[in-house]
Structures are given as C-alpha cells and as structure tokens.
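One chain, subunit A, appears in both complexes that follow, with subunit B as partner in the first and subunit C in the second.
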Partner chain A sequence: MQVSNILMNRKSFIWLVSPSIIFLLIIQIYPSLYSFYLSFGKIKGGQYSFTGLKNFTRLLNNSDFYESLARTGIFTFSFLLACIGIGLILALLLSRCTKFTTLYMTIIFVPMVLSEVVGGTMWRWMFQQSFGLVQAFLNPFINNVSILSKPWGAMAIVIAASVWKQLAFTALLFLGALQTVPKELFEPAALDGATRSDMFWKITWVIIRPTVLLASIMTTIRGINALGLILATTQGGPGASTMTEAVLLYRTAWQFGRFGDAAALSVVMFLINITLGIVYIRLMRES
Partner chain B sequence: MKKSYALTVLVVLLLVPAFAFAGGKTEEPGEMGPVIVWSEINIKAPQTNLDENFAKAVEGIEDAMGTELIIVTTPYKEISAKVNLAVQAGGDVPDIAQLKVSKLAFHVDNGTLMDITKYVEASPWYAGMNKSALDAGRGADGKIYAVPFNTRSTLTYSYTDAFPDGPPLTTDDILAAGPGLKEKGMFTITGKASEQQGVQVWWWPLIRTFGGHFADSDGKVAWANDATVKAIEFTRELISKGYAPEVILSPGFDDEIPFMNGDVGAFNAGSWSYVWLNPLTTPSGVKYDNKSASVEEAIKAGDLVLSPQISAPGSKHVTPLDGILWAIPVGSKNVEGAQAFIDFMMQTKVNTDVAYAWGGVPTIDAGKNDPRYADSVYWSKVTEFMSKYAEAMEPVANYDEATLKFADIAIALIHNTGKDIMPVLKQAQDELNAE
Partner chain C sequence: MLIRSRRQIIIDNIVTHGLLIFFCLIMIFPVALSLMTSFKTKTDVMILPPRFFPPEWTLEGYIKVFQSDLIPIYMPNSAINALTATILTVILAAFAAYGFSRFKFKGSRALQLGILGLMMIPGITNLVSYYKLVSQLGILSTHLIMILVYTGFELPFGLLILKNFFDAIPIDLEEAAKIDGCSTTQVLWHIIIPLSLPGLFVAFLLILVYLWNEFLFAVTLLSANEARTAMVGLYDFQTSFEVAYHALSAASIIVLLPMLIIFILGRKTFFRAMMEGALKG
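Right after this comes the complex of A and B.
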C-alpha cells in the first residue's frame, strides 16, 4: 500500500527512477554521442580539431574497410547459422530429455560463463602446431598442416569458438520457447496423420518463430561486434584473415591511436546494427 | 517524510561512488610520490627468466630512489600504443615507459615524450654512455627523448646436425638445404614473420639485403619495390615447399617451438632469443636445459653455431639495430622520480645486468668488460655481427600501422600464391601514404 502510494506520486517516481536514468546517460548515451562527435574530427595531443567528413571519406576509400566488412559478413552469417541451427537442435533434444537435463544444461552453459580471453586462449592452444590436442589428433588426416596458420583454418576456428561460447544463450532461449508450445496441439495433429516434420514446421516453428527472430537479432549483433574471442584466438591473423570490422576498429583506435577514424568506423557499424535490427523487428511484427 | 527518506537514500547512493573515486593517498609537501613504470616486466610475481633476472638487477632500487616503485606489467607490444593513447586522450600516463627504438619516431612525431636532453647531458652516467647508442634515443630534431639501456640485433642460430658443412649464409643456401632436410622430416628455417616484430626481424632485413627500402627519407612507406617482391617470393617458396613451418606466419612466438624441439635446422633469432629458448633439444636428441644458459652451452658443445642473418646471394648481410629505451611521457606526474629511476638504471652494474637480462648489449660502455660479455662466445659473435652488419630501420612516421599493414599483406600474398605481388604492395603503399 505504502509502496504503491509512492509510485502513484509522480515526483517520487521520477526521483526513484533518476539514478538509473543518470547511470544510463553516463555509461551509454554520452559515450555514443561522444563517438559521433569524434567521428567528425581528430585528436592530437589531447586536443580535438574538427575535420568534417574527412574520416568517413578516408574510411570509404580504404580497402581494409571493405575487406573486413566482407570478413564480418562471412563470420556473422556462419556464426548466426550455427548458433541458431545447433541451438535449436540442442533445445529440441533437451526438451525431450527426461534424465540428466541439469547436467547437460550445465555442460552447455560452462562456455558462456568463461571469459573470452580464457576461451580464446583455450581454442588457440587446442590448435597449436606442436602440442595442440586437436591439432595432434587431426595431423595424420591433414598432413600436419597448421590449421591456425591457414586463413580458412583461422576463420573456421574463430567461428567455432564463438559458436561454442554463444550456444548456451540460443539453446536456453529456444528451450524456454519450446516449453510454451501446448502439448495438446500435437495429439489431434497426429490423429490427422501429420508427420513429425509436419508437426515441427506447422505447430512448433510457428509458435517459436518470434523467439528465433529475437535470438537472430541478438546473435547477429553479437557477431558483428565480436572482438575479445577473436583477439584472444588469432589477434585478427594470420595476415588479416580474421580481421573483422570490430578488430579493425580496435586496431585503429587502440593500436594506431586514430580515434577520429575509429569513431567514424564505429558510426558505420552502429548504422549496420541499427538497420539489421529494424529489419528483424519488422519481420517479428509480421510473424 | 517518505519523500525525504527517498531523497536521502538517493543522495547517499550518488555520494558513495563519488567518495570511492575521490579517495587516494595524497603526498605531503616535499615528499616524492611513487614512480609508475609501464614495462613488460612482472617484478612482483616473476613469470620468466627475464622477470627473475630483472628483479635481481634492481634490488634496492626503492631505497636508492627514496620512493616506491610501481611496475605496471603490460605486454611489450601494447606499451607503445597505450602510452600514445594515454597522452593523446589526456588520461593517466606513467612516469616511465619501456619503449623500443624502432617506435621512437612515431612517439616524437605524436609529441608523446618529454624532451630530456638537458637532464641526460647533466646526468652522472652521460660521460660513460656509448654515444651511438644514445643517438638511438634522439628524435630527428636532435633532441633526446629517451635513454636506450641496451642495443639488440638479430642473427642465425643453426644446428650442426642439420648443417654439418657450416651454417647457411644466404637465401640460396636455405633453399638448397631444403630438400635434404625435408627428406629427414625437418624444416630448414624458422623465425617470426608476423606482426610488427616480424617486419623488424624478418621482412626488413630481407628487403634491405635484396637492395630495397621500407620507407623513404620523409618517413613515408616505400615498400613497393623489386627487393620487397623478392623477399616475399623467397618466403612464399619456403612455405609452399615446406622448408619453413607455417607458424612463422602466425601471431605470437610459436615459431620458436619447432627449433626448440629440433625440428628445424636454422632459426632467424634475436640477440635476445637465448633468454627464451629453453629447453633446447638438438635434431639428434641432445637436450640443454639450463634456463637462459642453454644456448651458450649448446654452442660450447659444438651443437649450435651462430652466423649473421641470411643475405641475398652476393649481397651484404643486414641485421636490424634495435634497442629498448626508458622514456618519460608528456604528462608524467613524477618527473623527478622518473629521473631518479633512470639514474639508478644507468649505473654501470645495473645497466649491464638489465641489458643482459633482456638479451642486449649494455649502453654504458664499461659494461661490455663484464665477464658475461667479454668471455662469452655468444656475445662476442653478437657484437661482431652488430658492428659489421647492423643498420637502423628507416624511421616510419606511422610505424605501428605501416608495419602491421605490411605484415598482413605479405602473409596474405604468401597464402595466395597466384597473386601478383607488386600491385598489392603499390595499392597498400598508396593508401597508407595518402592518410
């Protein structure tokens, strides 16, 4: 009663919500706006100078930008496909599983709670040429080729590592969605002669589709912005074969100290994320 | 009443973090604050031979400086970028930063380091310092921006098992030895060809020995030349024929492992590499396991020989002259403490111990008379090769970006054997120089 009175009082409500609003403004809105401001200038010796659209022009004339954009596309698409596909299969298996469900869930969940640096280092060691466990196992079949030293191999490893880390998220989302599918819908369908495949696509899929779309948005954004695991596994190499837009941004800002150029790239990445987000939300509304 | 209670809670919530962030020790007037150093060294929990040797070398430094020494352990390849970032962004900078000679031009160009000419010239150790080594700490304007505490270069380590008729001296020697060693299940040569260090120790010496340059006199990249094409073609051949392990193209230092295991005949090593090559197992299985003395023991036993870094046939050997510096970044809060740190480090014995720990030659001349240098086969060879063949890499204004970009495109060209090398070099060069 007392709490509801406070909440009913508009002024008190604003006071109570304001810490969260201030916190959000400080840690999210301000840095985003500051990035936008930085993208139109350059910083030297701690001094900002306005340069107009120069950073964007330079970015659009830089081959690294387009090459890393293509790599980001390959990485994100493969990452999305694997996370959604394998996540859904896992969720379906777990939803039918009656024994050891908690154990399975724990096993799937472990990678998600590990830090990206630990996960990346682990994957790097597994494929280390001289003492990597997986590399040693594969050596007889691949003529001792160092997978991590090959551009295709390095990309495959960072995709696999990222999927391994993200899988628990999609599997848990799908498992939750599957539990909302009413069981009583399947019985009449079975009586009408529907196959398992029919029941999945015409009942289960229709009900869980919004969740799949939500998981797709989250996974796509995560894929585009993936950084820690890639840095810990390959550092963007060999050559630039795993240098995605996020790695390029990191390099430009933190290794080359070109904050204006990095901010311009971050604005472009923000626009890509927003555009994809809008597309997904529209699809969700339609579904 | 309830409203005022809510307001009080809110104020407390906002003030707690404010007090937490505002806290901290303040120095009394006249008291020197701690000296904060950004270095790769981990002095409190030594992890490597280098850490252990450095910790021994600087025993008593806090008493000598009269203040606390705080070493912020930072991966060596991140220090330069972080210092630049801290100064440019107006953040907290260290009082001393450990930098490499090859990155000095980048920092001078960005105005990151203090001009310490007057302090250095008035210091007690100035007279005993090797003047050409000191020049490595000068900017193009002649001012001193950093104090080099060792000079380093590269050379080739070869197992006599793999090269019984003498070590390989040229690129042709390497290619000629390739088929025989491959038959024995061995690679011919390894070394670091990736990232910035790969440019310094693998690519640049090859480009120079083939007669080219990495950058022009204005500090702009000038790598689109025939020599660079030959350097990339040579490395491409090594990889495609299986004469070098592909890990030479991977980030990190996995390139050392096949040599430590005796799977490779020769290693394009740094003068500092002996610190890390332990244990060392020759191709015939003899194991040397005595920390950083393993290499010297293998040389004395005749299992390992040293030779200059490989050259192009008929050309002079070229080894990169590099070194490590102590520099005071702009914005240091304790310049006096930073100078006290440098004064301590540049005492003859400390300079010798630290230079040795890092695998370089001391910059205080008297240190070279130390038995570890004067009586060592290893160091006599290193100093001989350095005096005959060492050259400083051309200064590059945007060093970090240029070297990383070059390593990336060189590796991509090695993997893409059908791609024409020159157009790729030209495009990358034009893009970088346009910025």
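Right after this comes the complex of A and C.
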C-alpha cells in the first residue's frame, strides 16, 4: 500500500510507535537481559557476585534437570498429539454440521475462558481420593488408590486437563482453515469415485497443512512452558512425577530460593523458546 | 453436492451430532460437577458413594466464600489490575499499530517482526528477573507493578490484532479528510477510532479475559494478602479449605462467572478472532 506524505510524516510515526517500543524495552527486553546477568552470578545478602558458568554447570550436572526434561518431553508430546488430533476431529465434525454449531462451539470454548487455577481445582476434585466422582468410577480398577497419587496417573491427569483447557484453540483454528477449502473441488473427485479418506488426504489436508503446522508449533511452545494448570492440579507431585522443566524452575526459585539456578534454567528455556519462535515466524512469513 | 443417498445423509447427521454432543458433555463435565458441588452442604460433599446432584440444595458454600477475603479484597484487585492494564495496552497498541499500518519505514518491518518474536517468549522465562528487579525497587505487591508487567506482556498481542484491523480500513477516507483540512488528531478521532471500534473491542475482550485469569505473575509478584488477586486467593484456598470442596467450588464458580458472562455476550467475537487466527501468539 502506497502511503501519501499528506497523511503523515516521520515525526508522527515516531510519536505513535515509540511509547510501545519504550514500554517493551523496559518491561520485556530489559528483564530478559537481566535474567542472563543473574544466571552468571549469585545473590547473597542482596549482593551480586559473578560466578561465571557455575550455575549452568550445576544445572547440567543435576539429574533433576534431565528427569524434568524427559517429563517435559512426555507432557509436551502427548499434549501436542491430542490437541492436534482431537482438535482436527472436532473441527471436521463442526464443519459438517449445519445446526447448533454455535452452541457446540460455545460449550467447547468454556474451558478456555476459565483460569488455570479454576481448571486445576475442578480436575483435582474429580479425582479426589475418597469423594471424587470420577475417582469413584475408577476405584474398582485401581484398588481404591487415588489416580493422582500414582506417578503415571498424575501425569495422565495433568495432560488430560491441559488438553481439555486448550482444545478449543486448535479446533477453532482448524475450523477456520477448513472453511477456506473450496467445496467445488469435491464434486469432480466424488464423480471420479474418490473415497472420503482420499478426498480428505488429497484435498482438505493439503490446504489445511500450513495451519496444522503453525498450530503444532504454538501448541509445542505452550506445552513446554505449561505451568499454572500443573501447579493447580498436582503442584508437580506426587514426588516429582509431574515436575516438568517449568515446574522445576518455579520450585527452584520460590520453594528453595535458589534464584541463580532458576535464572540459569530460565536462560535455557529462553533459548529453547527463541529457537521455536524463529521456526514459527519463518513458517508464518511463508504462509 | 456429493452424490449420497438420503439414508446415508441421515446416518451421517446422527453420527456427527452424536459425537459432538459426546465431546460437549466431556468438556462441560468438570464445570458442571463444580457447579453442583457448590450447592451441596459440607456433609453432602463427603458422602459415599459420591453423587453428582446435591441431595439437598444449599448456599452454604457461597456463604463461606462471602465471609472470606475473595469478594472484598481479591476480586477487586483482579478487576483493578486487569482493567487498567487492558485499557493501557489497547491505547498504546492502537497508536503503535496505526503507525505501523499507515507508515512504511526502513526497519519498520524488522521492528514488527521483533515485536512478534517477543510474543513467542512466554512469561515464565522472565519470572525470576521480574521478581528480583521488583523486590529491589520495593514495589512487590502493588497494583503498579502488575499493571506494568501485564501491559508489557500483552502489548505485542494487542499490536498484532489491531494492526490487522487498521490494515483493513481503506486509507482513502483519511486522505480525503486531510485534503479537506483535518489535522492528524481530528482524523484519528473522527475517522479512525469510530471505524476501528470493533477491532478495539476484540482486543479489549481477549486481553481482559487473559489478564483476569492470569496466575503466574500474580502468584510470584504479590505476597501481601491485601494485594492478592482472585486467582492467587483461590490457589491458597486449595490448602486452607482442604476438603471443604463445596466452598472451593463456590469460589471457583464466583471467580469464573464474570469472564463467562463476558464470553457468552461476545462469543461471536471470540470465535471469529480464533478462526482467523488472531490468537496465533
């Protein structure tokens, strides 16, 4: 779009944009740089002393770090698979129905509108040891032990709760993409005797693939950094069985007060996020 | 249309709606269970085997919540933080988005990509440095710090949505007004703002819901009881109320109600934003 000079000059551009830029520099950029600074030192009695790579070597020699990394992997991978898979199925179903669509969408959207703490409270209650309603159904199969007290069970619940909370996001994103698929393409294909799955993979999938890819990266980023819902549901427990990297960061800083170590972990997570972010922006520009 | 028999279409419809109803029931079940629990008495919460519907409907749980700090202290705090930050974000983002949309400079594109990149960095990697910086400045547990952090955090997102909206407004109108002798301020006030009201509304709603629900910054930066937000208060109830799940459920319902109402009133806006990928961040 060609913009005439009558409308604006350089000065008004700067006036319009600089408040936001200054804000972001102070509130976002500076703290990010500050966490790098913190990660190379330690604070004792309010005094900062430079310790070089000590925080990082301690972090990388700690088995907690690797165990959390594995848990983050399991959590994120399951979360991603379910959000994309179920989200796609939901979007396909929604795109095929002509009645009650808004009603279905409204209900599916509710978990997205409520907070992580509220969601966590609800899921804890369903699986409460003695009086949880869903737990009562499961009791005969797992010998009356709360599923949240089993390491695998707690992980499964945390994943399920996270998928429940996030599902509307991918489903509606996919629904938007499905609506861009031209209907005219299906008729000749059907006349040629193509089956439904043929038509899905050869037509629909090709068109929505960029959206699926973008949604996958976004979901991965959210999975890696998921914290609020896990804290509200299990607080990382039992033991450390749902302690992902994000929970480890939170606990290191606010439970054990080891802010230097937490800052080092922040830097590691920052780098992981930046890498994914760059991939995301590349894909966004291509599409 | 596809060539399919009438019978096949009917079966398709039944399967589609059946599966959707099944999904909806799963999605709403935790919320419905909490709602039912919130109307139970303390003893009915602990009957075996547990039941879905309250045997006796009561407001006991709600009364207990009304006696807590949630309604006089925590909810007003949430409202002040979220509303102020949302308004500030929308104003700042609107100016910047308008600048980016209407004026092309060398480096403007790079600047926009940089801001988009900021959106990819989750709040969690800044938690530790915020905490350290804020405690050094002595402004832990204040509205000020929450508003600043929230605004900084939501600014890139607001900017992205609003720029898309401004890009869709034709520039001819503004040029005509300029030729007729309107100043930039007049153009902004009389043309741009009225035309972009829907966009400003979308940004406002999405950011408000996010910030009302925000938990991580609040739980790490607010330690004083009088500064706590509803989410932090609710998180603390989990331990202090223990098995008083009727009160805990009532608190959950009270906290989620304002945003649920906003969502139901503006649901079309949310859906459109979602399907167009406005929430891609």
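Methods note: the second predicted complex is superposed on the first by the 267 of 287 C-alpha atoms of A that agree within 3 Å, B and C clash if a C-alpha of one lies under 4 Å from a C-alpha of the other, contacts with A are read in each partner's own complex, and residues count from 1 in each chain.
Here, contacts are C-beta pairs under 8 Å (C-beta built on N, C-alpha and C of every residue); 3 or more make two chains touch, one makes a residue touch a chain.
Remember, predicted model here, so these are calculated numbers, not experimental data.
**Q** Tell me which partner A:241 touches in the superposition: subunit B (first), subunit C (second), both or neither.
**A** After superposing on A, A:241 lies in contact with subunit B but is clear of subunit C.
**Q** In the superposed arrangement, which partner chain does A:149 touch: subunit B (first), subunit C (second), both, or neither?
**A** First partner only, subunit B.
**Q** Check the residue A:254 against both partner chains and state whether it touches subunit B (first), subunit C (second), both, or neither.
**A** both
**Q** Which holds for A:107: it touches subunit B only (first), subunit C only (second), both, or neither?
**A** Only subunit C; A:107 stays clear of subunit B.
**Q** If you count the residues of subunit A that each partner touches, which comes out higher, subunit B or subunit C?
**A** After superposing on chain A, more of subunit A is contacted by C.
**Q** Report for A:181: first if it touches subunit B alone, second if subunit C alone, otherwise both or neither.
**A** neither
**Q** Look at A:19 in the shared chain and tell me whether it touches subunit B only, subunit C only, both, or neither; answer first, second, both or neither.
**A** A:19 sits against subunit B and subunit C alike.
**Q** After superposition on the shared chain, which partner residues are touched by A:63: those of subunit B (first), subunit C (second), both, or neither?
**A** first
**Q** Now for A:43: first (subunit B), second (subunit C), both, or neither, which partner does it touch?
**A** both
**Q** Of the partners subunit B and subunit C, which touch A:11 in the superposed model: first, second, both, neither?
**A** A:11: touches subunit B, not subunit C.
**Q** Which subunit A residues are contacted by subunit C in one complex and by subunit B in the other?
**A** After superposing on chain A, subunit A residues 6, 12, 15-16, 19, 43, 128, 130-131, 253-254, 259 contact both subunit B and subunit C.
**Q** For the complex, give me every residue of subunit A touching subunit C.
**A** 1, 3-4, 6-8, 10, 12-13, 15-17, 19-21, 23-24, 26-29, 31-32, 34-35, 38, 43, 90, 93-94, 96-97, 99-100, 102, 104-111, 113-119, 121-126, 128, 130-133, 136, 164, 167-169, 172-173, 175-176, 179, 186-187, 190-191, 211, 214, 218, 221-222, 225, 227-228, 231-232, 246, 249-250, 253-254, 259, 262-263, 266-267, 269-270, 273-274, 276-278, 280-281, 284
**Q** Note which residues of subunit B are touching subunit A in the complex, please.
**A** 2-3, 6-7, 10, 13-14, 81-82, 84-85, 87-90, 110-111, 194-195, 245-247, 249-252, 254, 257-258, 261, 330, 398, 400-401, 404-405, 407-412, 415, 427-428, 431, 434-435
**Q** Give every residue of subunit A touching subunit B within the complex, in rising order.
**A** 2, 5-6, 9, 11-12, 15-16, 18-19, 22, 43-46, 58, 61-64, 128-131, 145-146, 148-151, 234-241, 243, 251, 253-259
**Q** Which residues of subunit C touch subunit A in their complex?
**A** Those residues of subunit C that touch subunit A are 1-3, 12-13, 16-17, 19-20, 23-24, 26-28, 30-31, 33-34, 37, 45-52, 92-93, 95-96, 98-100, 102-105, 111, 113, 115-118, 120-122, 124-133, 148-149, 151-153, 155-156, 159, 167, 171, 174-175, 178-179, 184, 187, 209, 212-216, 220, 231, 234-235, 238, 243, 245, 248-249, 252, 255-256, 259-260, 263-264, 267-268, 270-271, 274-277, 279-281.
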